[in-house]
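Each in structure tokens, the structures are laid out below.
First chain A sits with chain B, and in the next complex the same chain sits with chain C.
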Partner chain A sequence: MSWVWRGFRPVLESVLAGLIGLGVGALIMRAWGYHPWPAYVALFKESFGSGYGLASALANATPLILTALTFAVGARAGLFVIGAEGMMYMGAMAAVALSLLRFPSGFHAFLALFCAAAAGILWGLIPAMLRAYRGVHEVISTIMFNWLSHFLSFYLVANILVDPIRAEKTLSIAKTSRLPLLLRGTDLSLGIVVAAGLALVFYVFLWHTVAGYEVRAAGANPHAARYGGVSPQKTVLLVFALGGIAAGLAGAVEVMGRPPTYAVYSGLTNLSGFGFDGIGVAMIGRIHPLGIIPAAIFYGGLQAGARLMQMEAGVPFEMVRAVQGVIVLALALPELTRIFRVLLRGWRLRGERA
Partner chain B sequence: MKRLGLVVVLVAFLALPVLAGRVALILDVGGRGDLSFNDMGFKGTEEACAAFGWEMVEIQSATSADYLPNIRNAARSGKFDLIICVGFLLADALNEVAAEFPNQRFAIIDAVVNQPNVLSIVFEEQEGSALVGALAGMLAAEYGYPYVGVVLGIEIPVLYHFEGGYRFGIDWGLKKYAEVTGKTANVGLLWVYTGTFSDIAKGKAAAEAQLEQGAVAVYNVAGPLGIGILEAVAAKLAKENREAGPPFMIGVDANQDWMGDGNKVVASMMKRVDVGCYTAIKMVHEGTFKGGVLSLGLKNKGVAISRYQDLLDFIDFGIKAGAITEADRERIIENWKKMRASIPEWIWKAVDELEAKILSGEIVVPKPETREEMLAVRAKYPLTR
Partner chain C sequence: MSWAYFWSLFSISLHAMVPITLTAVGEVIGESAGLFNIGLEGILLLSAFTGTLGARAGGPILGLLMGLVTGLGIGLVFGVICAYWKGSQMIAGVGINLFALGFVAFGLQVLGSPGFYTVPRDVQLAPIRTSVGSFSPLIPVALLLPFLIHWFLNHTGVGLRIKAVGENPEAADVAGIPVELTQLLSTAVGAALAGLAGAYMSVSWLGSVTKEISAGRGFIALATVVFSGLRPLLALAGGLIFGFFESLATWIQSLPGVKEAVPWQFISMIPYVATLLVVAGVIGRVRFPKALGVPYRRE
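This part shows the complex of A and B:
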């Protein structure tokens, strides 16, 4: 029976947390004079109550699954990789750059995804090496690299990859390199298959391979893992590489699979935030590759439904964002408390040794 | 008894407020609170709704990936008599959705979408820019400043209208100065495309550089960057221990004369997005709506140089937006009147003269649409010292 409880407890916690979030969100709306009921009806009816809404939720979930994987695989190894945002920009830039070349359809898209994954790995290489060989904390280095990537991408969008007749965006992805839409008249592309597939691969890797076991061991207890012969350097490099692949692909599937423009806008307005939202999604999904998929779909559904809260229930945009934030925060709480407990234990251990 | 029931139903029906129509206003990521483009769209829509008994639903976009779903959701709901997209960034998405929903009426501001159910509202920015250009040129000549300035956003074709008109206007103003005073002034143009419509710090830095070289006025052609430009103008004035310009900023889109206490923005090239939204709703309301391009210029009050009545209107706008308070009203009006009166009368007369000549068709302001045409205008009016 205990294994059933072990499986169900996180689900139960998440559902409870979600209900609390909805309740607090309703109170906030009430306090500002909006009606929570029609707002929530709009939020959920549209996002999960119709085929079109569900397609929107899945489309929004696509990049989030991938950036959440970046954080999750890092967290499993005991690392706080905040760098998905920067890696994601690089992946998007690589996908756009590949459109400057000519290749047959299909192969072109495959090559673009491959290069985007490579770009993600490369962008994570320096923080990974700094961590592995110099002990530089990955939170600091990856945040700095996010900004480097942000401004490098700004430059690339405005100068190198810019559309010569429409300076507000990059060149659009070549037709041969676009991910086909799964449903016409929606935003849902083949990218969701790439994202869910990679989540499955990460799950198999982490729980059914020796290398994956070593990663989790390093996260659970670094001292014991090292004693057991696990190289901490190798683990860090491996985890960053995997995270780079996922985040690089996130940027690529977003520009290659999102109609109508298939390009990066100046100011990165169609990309910025996925990396950070991914951290929230990873928390909601209990940093488990398979938990991340429903978490991302839920999060994507919130985004899709939020668009309708404005239209159907007349709740202003800022209020929608606030309510969304409260729900996500509540859902992330169980995992956040667990992480803080682990951190606290680590500090105590260190304190005892000193 | 039956008849009584019928009467009751009829009376109840008549007593209900009649909703004449519904409009969805879809904004890009810039969103509300810019005191300019987007807020103007909201203002015009709100006014039209009040005038015609319509209801408005406002939809903001969190990221540019929201454009397509937001427009599509509004069209799918089938409850809007008109969907207005504010800004050229929404053009691609609208082009797609307009084809999917051929019976839905759409309007877009600042872009042309070639679909039979879309009213594309564009502006003759070059006409208004010529007026403020002439003003700036004459100010520089009159006050002995070596330059006039302009800070632009991203280099897109719409901005060529502004630059082209401004160049033409400066040139016209300098000729006018020579005609009136019999002296020639050596005035050049400082211009820069900052590549952004959001980085206020860049606007400030660009304006600082131009003011340092002696620009009498900096024309804001970059929306929110005007906040930075105004900061630079205020800092320059503070350094010289003065409150009122010169140097000045020239406002854009909305009437920005009230900003900076009423004496730092000499005039604004108003691009009346509000008139555009109002007109689109009016056309639907009166049954005259049809797809195509509607061009708003000086003639139909789509663009204009700011005057006293505009100042009063937009002080209300600023108070409503919370940027200034009621207590500031009188002071701003006084400052503005004093500032405008300090500029020689012949300059304002000359601006009026240029406006009349553009309206009568005697003068046609160049309207560059492509890079090649822009380069040709730059070559014709190089404005170097």
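This part shows the complex of A and C:
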């Protein structure tokens, strides 16, 4: 029985946190004079009520699965890698840059993904080394690298990779380098297979290999792991490299598989935020590679529905991200279910007294 | 090049120093009690926005007060989650940052100005005009507050109790100091200062709010705290250093001929590179409270 509870409890906690998030979101909407109920109906109707909506939910989930993996593999090693945002920009830039060259179809896409992963690793290298050899806290260093990446990408988008005809975007990804769409008329590309596949690889790595066991040991008890012969430096570098691969791919699949333009817009408007959203997704997925997949689909669905919510109920779609923040805050509680039970009991007692 | 150029660098530096210093000395109080809040960036962003709402409703002083109260409120939520319910400080901080990103973007939409809102001139905090230029009234506040907090933490009973809680919560508990309450109030006061800093940015310094107004300053403030080793006077020094690098980027771009020679994006990287270099250079030499970041559970 206890193993059922152990498996079920994280799911229950995520659902509870989700409800708390939606509840606070409703309060905020009320405070600003919106009607939460029709807004939420519109939000969920779109994303989980139609085949097309579900396809967009999956398409939105694709980069989120990948950036969430970056955070999750770091968190398993006890690190707070919040650099997915910057690594993702670099991956997207690499993918676009590869379209300046000509290669046969298919091989071109493969090469672009490879280079994007390499770009992600490269962008994590300095923060990883600062952490491993100088003890610089990874939260500070990865945030600084996010800003460096932000400005470097601004420069590349406006000067090097710019579309000579349409200055508001980069060159489009070459036809030979695009990821094929899985469903005609939707945004759902082969990228979802890449993302889900990498999640599976991360799962097998973390739970079924020695190196993965060492990563988790370093996270669970650094002193014991060190005593047992696990090099903390090696763990940090390994985890940053894996995170770089995932985040680099996130940027790449987003531009290589997103019709109609297959390009990055100036101001990075079609990329910014995936890295940070990935942190929330990883938390909702309980930093488990396989838990991340449904969490990303849930969040991708919220994003898909948010546009309709804005159109039908007039609530700005950014609301969804505020809800996500509250969900993460709620998930910070170690014993969410216990607290909930205590609250419930207090409620019942009060009811009996009355 | 005339003196006026250098004078403008000095003036921007002083203004850029304020949010980092206020946020950093606030976090020094919170970290002294053992709570590590990486949600400062979110608090800056949120209170920059709510400060604007306050200023619109009742003038600049109400705006600053709104920022302060916003910070205090978030700090109390963070403190309850982390001090009383023993939640993960890192995750709660991330939650605050995510919430702020969404809420402020939402709020700007509701104000009818997606992405950018200019605070009307008449509700901005009036600068102090001197013969050598105009300065925000919060500059002297940011310069004096670290001295006050230094005295408070090192020379008053309450301050020493705060430090005892951060250093050794078990011993503090045995000595009859309410550990959770001390942590809650310390982190809330610290967050309130970050809130004041946020409102300063929108209501006094920049006169506008964007989704990117905090621009990593919350994390630069965290770096400043690392640099200071939890000493408020060094946090002031750090604030001056980082404020200088930030204004250096703005200043260089204003020089004639620079824009053509170096793309602005690379100049904008200066404060972030400086932060990395400073943090990489000083770390390992500073000492932090033993129980920093570790939830305290009575056994």
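Convention: the second predicted complex is superposed on the first by the 314 of 354 C-alpha atoms of A that agree within 3 Å, B and C clash if a C-alpha of one lies under 4 Å from a C-alpha of the other, contacts with A are read in each partner's own complex, and residues count from 1 in each chain.
FYI, a contact is a pair of C-beta atoms (placed from the backbone, for glycine too) under 8 Å apart; a residue touches a chain by one contact, two chains touch by 3 or more.
Computed from a predicted structure; not experimentally measured.
Looking at the overlay, what does A:P334 touch: chain B (first), chain C (second), both, or neither?
After superposition on chain A, A:P334 lies in contact with chain C alone.
Counting only touches as set out at the top, which of chain B and chain C does A:L16 meet: first, second, both, neither?
Neither partner.
Thinking of the overlay built on chain A, is A:R321 touched by chain B (first), by chain C (second), by both, or by neither?
In the superposed model, A:R321 contacts both chain B and chain C.
Taking the superposition as given, does A:I82 touch the first partner, chain B, the second, chain C, both, or neither?
A:I82 sits against chain C, while chain B stays out of touch.
May I ask you to decide whether A:R166 touches chain B, chain C, both, or neither, giving the answer as first, second, both or neither?
first
May I ask you to decide whether A:S266 touches chain B, chain C, both, or neither, giving the answer as first, second, both or neither?
A:S266 contacts chain B only, not chain C.
Looking at the overlay, does A:L122 come into contact with chain B only (first), chain C only (second), both, or neither?
Touch status of A:L122: no partner.
Does chain C touch more residues of chain A than chain B does, or is it the other way round?
C
State which residues of chain A lie in both footprints, the one left by chain B and the one left by chain C.
158, 273, 316, 321
What residues on chain A touch chain C, complex-wise?
Residue list for chain A touching chain C: 28, 32, 80, 82, 126, 130, 134-137, 139-141, 143-148, 151-152, 154-155, 158-159, 273, 276-277, 279-280, 283, 316, 318-335, 339.
Report the residues of chain B in contact with chain A in the complex, numbered from low to high.
Interface residues on the chain B side: 24, 29, 31-32, 57-60, 62-66, 68-70, 72-74, 76-77, 88-89, 92-93, 95-96, 100, 154-157, 195-198.
Touching chain A in the complex: which residues of chain C?
Listed in rising order, the residues are 38, 41-42, 77, 81-82, 85-92, 94-103, 105-106, 109-110, 215-216, 219, 222-223, 226, 263, 265-266, 268-269, 272-273, 275-276, 279-280, 283-284.
Which residues, counting only chain A, touch chain B once they are in their complex?
Residues in contact with chain B: 46, 52, 56, 158, 165-168, 185, 187, 254, 258-261, 265-267, 269-273, 303-304, 306-308, 310-312, 314, 316-317, 321.
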